[in-house]
């Protein structure tokens, strides 16, 4: 580190009383450890993605991401997210309206159940749908006779994705709406607004940034989910491969440059997600739920 | 009838839409989460207890469960230590790049696990950026359980940081000053006053990282090597059983994993409840 | 005496709380010499000097932002003056770290350690001593239990701070500060977080403790009643300066500045003029001596209850009654005085017969006159 970089660490009180902080060698050591750890575990993997992606040259990079199977994977990923995210938005709004605006028995149980998918392994998230809708599953015979395909097809992928992204929107909205209480809505109703009007004109504007925050996180997970989707997809190239699955296939075929090229698109998505997330946290900290955990 | 019962369970309110909102919520929750999870338990129940036990304690399954649990335990411990240091540095010190680091802590939440998996493999493979430095020393990371630990450290990193950070931000500086006026040096203040107060948050973050790591799949399979009995994690074994159409076996392993995860989370709740009762807040 | 050598004084056993202060503890006298503290560019203390005798109980009294807490933190070693000296028994205390200074500080919100029991909190200062000076575990426990008795919380040693009432927490904080055998006891708004009834009880308790232990004690408060009732001497501070130091009587009866006059007790103010050693209200000469106040505009301060009233008082202040309010056993009267509509408040017996818009003349029995150029910081 340069002297200029160290200087701010050394200035505390004029005479260096360090009652509530550590002495500067300790501070520098701890900062060094933290930075080294984050560089090793976060920055280097991220850098590796982009370096490997361009290893075979820019031409190969663009060829890899514009090749038909890659484009099909991108289209499928966007389609799945376009179904799963709105579904969870509607659910999140309904759940937070019920939980935050009303008092009823079993509320805390419901609150806990909403977080349940976070503690379920992605593989299990896929497995449960195979057990229901797979060839040997509970509804397998029925679906086969009706000629409906869920597993190894789009519906299965969408279901698994909805499951793993289930809590994202709700958990951003519930604490915020609980904090905001019911006064605004009661005022609107007493002024003669209808229920739906109250929701769209009063409630929704109050929660819009938290909703966006939840949507961004939900979307990142929906587009990037691997384990759950892997179980239900069947890995049919150009048909049921999402981007993460396409990365896996390319990687397993030792087509590293192409794998990393597609992976770099997902990494870019992660970076954009982080930027929006941080921007929302800085700009609208008070309008986003107190909990910043995921 | 149903309406009357619903009213009794709900405190009267002037706001509309309770029935619709709760009805939709419960239906959606049941269809997406509860019924499918029930199917998992139901499927493993068809084995009977003896059958379930036989599968779960079968040598290969047990090895996989053990590997998943202990590498997760190791990774969560590493994260507890370094996560606390990172949270401390981010909250307590001013230095150039602090906010960037702070933002980047969430990268493992945002980066798809498969991408993390291949990136870590590229780094730690014997010919990778880091692996090529370690190979001459005889240290192998990728394609061994060490690689699994690395991947699990990566995905668990934000949990401890993000649970400790807010507690540290709100930490009352008067407690540190009180400790100093009572004669404690800085080391004593940190270890006897501050860390015990942070411990519940550290434990919570540790448990969340652990629960997540036990079920992790995407970031691990690329770097693990996936050798049965050595570097084959439990989630991978589920997929293998599924591909052999061993639905019940897959369900049994899944149920065992769920029990481990829920056990960990239950422990967190108990610790938190105990600490609330005892220390207030 | 080497300031770093701690006073190894044992507290008397629970049943034996008598004894003169000297047997209790060897306490210090404290001097602050021209202490300046500047935060960034904002001065918090502009050259404060203060001498506190050994065993004295001194109050730092002032509104928020007056610098009283900054001064207390500097005495404790939690803050460092930009310039100036702090002496304990004539020795430079600034050379000592907080830990070495051996000062017992009771925080406004007590700062009890939530994860430690009451007993662990009290014994903390002894447990963190370097090994050579650390008493044995049994001895630490014995002393902590003794202090618990001393602050009248016998039997609560296993409780956690969250299981105590505010007053009990305050006492634990006290015992914890006493456990390190401090040379100086500092209290930051010691009763600020308590309700009025507990506060009165604890005031008496604090006085008892002080008489028994004899520690030099400095406490910060914004409550004048508390300062006047408890302290041997009161230091009135305002905007980083000491306005006045004196006994409670001196502070109340002879405030040396308009600020102190209006900050302590209730006061009425009237703009007047001094000419040829006499006090004038508009064109009326008042029957008040101007003393050493120079000719020119001046302000007359008096206590509302300290007045004589009558219609035939020569040289009194004539006024018109504008408002009447019952105030406890007395009646408060708003008077409009002079040609510029100035208002003063006086207090009369409740049975004194007066009507709105009636005329009355008032003469302060005791008063202070300050040249009008003197700033009033509080109005």
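Some observations on this one:
Note that the chains are named A, B and C in the order they appear, and that numbering of residues resets to 1 at the start of each chain.
Here, a contact is a pair of C-beta atoms (placed from the backbone, for glycine too) under 8 Å apart; a residue touches a chain by one contact, two chains touch by 3 or more.
In this text the structure is predicted, and so the values were computed from the model without any measurement.
Taking each chain's centre as the mean of its C-alpha atoms, the one that lies farthest from the centre of chain C is A. Chains A-B form the pair joined by the most contacting C-beta pairs. Centre-to-centre separation of chain B and chain C, using mean CA positions: 54 Å.
Centroids built from CA atoms put chain C at 57 Å from chain A. Centre-to-centre, using mean CA coordinates, chain A is 15 Å away from chain B. Across the assembly, chain B contributes residues 177, 180 that each touch 2 or more other chains. Annotation for chain A: residues touching 2 or more other chains are 19. Of all residues in chain C, those touching 2 or more other chains are 77-78, 98, listed in ascending order.
Interface residues of chain B facing chain C in the complex, by the touch rule stated above, are 172, 174-175, 177-185, 188, 192-193, 196-197, 199, 278-281.
Contact residues of chain C toward chain B in the complex are 76-78, 98-99, 101-105, 107, 109, 111, 113-116, 124-125, 127-129, 160-163, 176-177, 179-180. Residues of chain B that touch chain A in their complex: 9-11, 13-18, 20-22, 24-26, 28-29, 32-37, 39-40, 43, 82, 85-86, 88-90, 92-97, 101, 103-116, 118-120, 122-123, 128-130, 153-154, 157-159, 162-163, 166, 173, 176-177, 180, 186, 190, 211, 214-218, 222, 235-236, 238-239, 242, 245, 247, 250-251, 254, 257-258, 261-262, 265. On chain A, the positions that touch chain B within their shared complex are 5, 8-9, 18-23, 27, 30-31, 33-35, 37-38, 40-46, 48-49, 52, 90-91, 94-95, 97-99, 101-106, 110, 113-114, 116-117, 119-124, 127-132, 134-138, 159, 162-163, 166, 182, 185-186, 189, 195, 198-199, 217, 220, 223-227, 230-231, 243-245, 247-248, 251, 256, 259-260, 263, 266-267, 269-271, 273-274, 277-278, 292-294.
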